[in-house]
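Have a look at the structure that comes next, please.
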Amino acid sequence: MTTSHSGSARHKERLDSVAEDVLRNVRFNRGFILWMGFLSAVLLVCLYAYVIQLRKGLGVTGLRDITSWGMYISQFVFFVATSLIGMLISSVLGLIGYKWVKPIARIAEIIAVAFAAVAGLVIISDMGRPDRFTYLFMYGRIQSPILWDVTVVTTYLLVSLMLWFIPLVPDLAIAKDRLEGRPKLLVKVYEILSIKWVNHPKQVEILNSTIRILLILIVPLAFAIHTVTSWLFALTPRAGWDSSIFGPYFISGAFVSGTAAVIIAMYFYRKSYKLEKYLTDFHFEKIGRVLALVSIVYIYFNINEFLVPAYKMKALDSIHLQELFSGEYALLFWGVQLFGLLIPTILLLFRQFRKPLPMMVIALFVLAGSWLKRILIVVPPQAHPFLPVQNVPIQWVIYKPTLIESLVTLATLILVLMIITILSKLFPVLPIQELAEEENADLEKQEFNN
Amino acid sequence: MTWQFFKQIPMSEKKKKEVPEDSKLDDIVESSRRDFLKKVGIVGAASVTGAAAIYAGYRHEKEKPSGEMVKVLTEDNRLVEIPKEQVKDYKPDLKALQTRGRVGLKGKKWVMVLDLSKCRNARKCVAACQGAHHLRPYEYHINTLVMQESHNTPAYYMPKTCQHCDNPPCVSVCPVDATFKRQDGIVLIDNERCIGCRFCMAACPYSARMFHWQKPKGEEADKGQEYNIELNVPQKKGTISKCLFSADRLREGMLPYCVSACPNGVFYFGDENENAVTNGTTKETVILSELLEKNGAYRLMPELGTKPRVYYLPPKNRIFEFKQWTPPEYIETT
Amino acid sequence: MRSFFLVILTSLLLLPELKAQEWVVPDDKKGKLSTFSFDDNTRKAGLKIYTTNCMSCHGMPGKGNSLKLVPPPPDPVSQQFQKNSDGELFFKLQIGRGQMPSFKNVLSTDDIWDVISYVRSFNTNYKQLIMPVITSSAYPGSVIKMVLSYNQADSSVILETSAVKGLSSVPVTDAAVKLFVHRTFGLLPVDEEKTTDKNGKAVFKIPHSLPGDTAGNINVSARFTNEDVFGAVSMDTVLNSAIKGTAVSLVARRAIWNNMKNAPVWILLTYIIGLFTALAFIGLVLMKLRDVFIIGDTLSKGGENEVNN
């Protein structure tokens, strides 16, 4: 009797301290307002660029008949890729039973939601007639991979939102009484969103089973969205796209960029939200291993993707590969492969580099490399079609992104940052309830330190 | 089938006047000729109509007494008689143009044959096409390319249109049915529907498609004109355009713009169902299967399985020397 | 094919001479006249033919935008063009020379006259002379008739010619005749040129590679090669050749590239099943959330017991 009482008292204490630490950041402080103000200002400039594009047509971009997909589509692929991380962390690692993913899972879901939500907008920025966007639903042809993409991205977004929201419910219930001094409206929102959660055993049971359903459901969905995205390319006959391993190649690449994004976010939250207690070196060490692992898998697929055609050197493949290895795109290609993938992977194999700061730097390189890699996947295969390119203005032959195009691309990135900021400023970024219950965590940490 | 029927009417009418029976020959000739033209009038009008019943007017003959019956062709291809007073001129609206454009010409299977041994890069096909479709000099539905596989193999000119593939990868990927294949084999574009995603461009192995990156050339001039899906005019910003096999001309029984513009006899065009193609320059009609067989015809990139409807005759036995053409410097204009 | 090249080759070799040399029309052809008078209707018909067949080289009349060929195709409005007699124009259109194609197998006699009537409309000084009656110089005073029939057994077309004068009729013998099949864009010559036998008959073989329409009908025309002797007599008939054409629509079968109605079944099923499974799970999750809400709601109203049951 006494032990259980003291147990629940300790639990209460722990809950209070976790809630205190996490909820400290749920407020509209100066930093938040300045940051959002800055983002909005940049966004306005970028939106003006988009207005120009709307008025004058896609001619304001560097895209032309030869290379008709460029930065926008690369950005789309990058966004879809990065959003896959939600599935990897919370689902794959969570279902296997790794406890250390608990504090990271919500961060991963926030990233997933933000990137998946804006991916659709990126596609719209690439459309020649964005005003006809609704035609996709009115006249959609099921045979087109674009329709599959629209369908799975929407579904994935929904399920990711749920995976973010449902584990949040208990936290909302805990938090709604501890929000003194915050706007009334926010408290009201918490009240509604906590859907009358009282931590009743039956509620806990239902919630857990619901989460399990979602965790399973999201695996095929995530595979579907990125495989379908890879099919946008692989289903065409062009050299450089016409590859049967494009699906797994894309997915393994997606894990790399997503993990890098999570590491950067973790580092940021740890520092500016003062969550060192919860996002410990231990967590960084673990996620560092994940990044090393997925990078090695990705390297493996890279070897497959480039070595096999490079060995055979079929006519058009050889032109494409020469452009990458020693031609127009050589600098970018080797830069990305070395500094965005190979060197980071090697560094991550050493424990000294799996510390927060070095890893954050490595992750920045990996993320930038991932973005550029998408350009390398999308752009060069278009420059050398089956039939020669002749009798067109010379600027058409080589794709050079314009300022307007870059600004519109930037706009979508800013939207992602805004969504991430809002989600992590309005709601707790760490799972309060779970962390409070997490008694084994200390034990694990001890193990690790030995 | 439809077309043969059209053709019969004037022919059977015409023979009348060639067997003159009395001295008032002029009159007979005159009236049968007028009859003939009336019928051609019907054909012309009927062939440009799509929806509802077709009432083609007798524009040439306002003086005829009323109560008279006239013969007209209905949309379902029956020849019927109706009182002349009920005949109204019919101008197809957008909906009719779209419907008939999507259906295509029944019983036809258009096919094009290009004899590369005759192409001297006159580029008249390009000019005629760009004129008809309101394109800039560097915007192509048809482009003549210099082809040379290696320095040991011959260089030759190859006019390249859309191949109107029977297994068209571009159509497969279109998300909104904006590009589609018709029963007569033509792959068309509906720029009232296209969302400008350019997936079809990525998928087409023949680089046959172009995109309106900016305001099309004829935008101001074409303002207010009803959109004709078979001509793809007015062109629209932010949508795709490409070779249409001059579907509008075919509907009127004429050869495509490029085909009849070529001065060197490169193009043959016809109906595979009739197994005959007609040369656009000499107007000579030949048997398709014989032409292909005797000249060792081939299709572009058959290994891709796209099954083009365009055949090429190899550049063999050319009677002229290949002259390298330096294209002018194309500058983008608005 | 080879002979075609030879023609072009010789014409190319002769180019320099052709340039200087006038295009001489045989005297007996110069005086040929139309059998009907030119009017607005013939001019309209001529305009149509001109646009499809002539404009690509001769350009728009009066615009001087004809092609730069050797010898240059003259503008129909030009003096050089209009000084030709009707007969000369007719000859040149029908026979051709060098790059000017022969329209013999393409345009009927009437079509050619229509074109001439159109180009004459640019000449205000032009006065038309009409040939009063078509007479056959070989059978004076007779009307020449042709009858076509089809022989299923050996897929041949039999042409019977006769010269009718009053009630008597004699076969037209030793006349060169040609047979054409109508195709969408022109007349396709079939078999060789034949000469009528002593019964006035000629037999043409229809090759098996020539399909008719779906009912097996073909539209054929027969003509005398030498129209000056026999007059512009021709015969158009629909014959049932029994070689049925196919009219299978190219969009009839299910395929990925076809429209939604004709999409392959597997793709429709996969998509729909996939979508509905996902939606069903999402629905299930929403239901469960509702359950959570209901439990909390009941508890807050003091329904502890209800929940525990």
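Chains here go by letter, A, B and C, matching the order in which they are written, and residues are numbered from 1 within each.
Quick note on the criterion: contacts are C-beta pairs under 8 Å (C-beta built on N, C-alpha and C of every residue); 3 or more make two chains touch, one makes a residue touch a chain.
Nothing here was measured: the structure is a model prediction, and the numbers come from that model.
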Indicate which of the five shapes (line, ring, star, complete, other) describes how the chains touch one another. complete
Which chain is in the middle, if each chain's centre is the mean of its C-alpha atoms? B
Mind checking the centre-to-centre distance between chain B and chain C? Centres are C-alpha means, answer in whole Å. 12
Let me have the rounded angstrom distance from the C-alpha centre of chain A over to the C-alpha centre of chain C, please. 61
Report, in whole Å, the distance between the mean C-alpha point of chain A and the mean C-alpha point of chain B. 50
Send over the residues of chain C in touch with two or more other chains. 256-260
Multi-chain contacts in chain B, i.e. residues touching at least two other chains, fall at 169, 172, 177
Which residue numbers or ranges of chain A touch two or more of the other chains? 141, 143
Across the complex, what residues on chain A touch chain C? 141-143, 148, 151, 155, 158-159, 162, 166, 169, 195-198, 200, 202-203, 206-207, 209-210, 213-214, 217, 221, 224
List of chain B residues in touch with chain C within their complex: 1, 3-4, 7-8, 11-12, 14-15, 17-21, 25-26, 29-30, 33-34, 37, 40, 60, 106-109, 124, 128, 166-169, 171-172, 177, 180-185, 253-255, 260-263, 269-271, 273-278, 280-287, 289-290, 294-295, 317, 319
For chain C, which residues count as touching chain B in their complex? 1, 5, 8-9, 12, 35-37, 39, 41-42, 44-45, 52-53, 55-57, 67, 69, 99, 101-103, 105-108, 110, 130, 132-134, 143, 145, 181-189, 207, 209-211, 213-214, 217, 219, 221, 231-236, 238, 245-247, 249-252, 255-260
Hey, which residues of chain C end up touching chain A in the complex? 256-260, 263-264, 267-268, 271, 274-275, 278-279, 281-282, 284-285, 288-289, 291-293, 295-297, 299-300, 307
Provide the residue numbers of chain B that touch chain A in the complex, in ascending order. 138, 140, 143-147, 160, 169, 172-178, 193-199, 201-203, 205-207, 209-215, 237-239, 300-301, 304, 327, 329-332
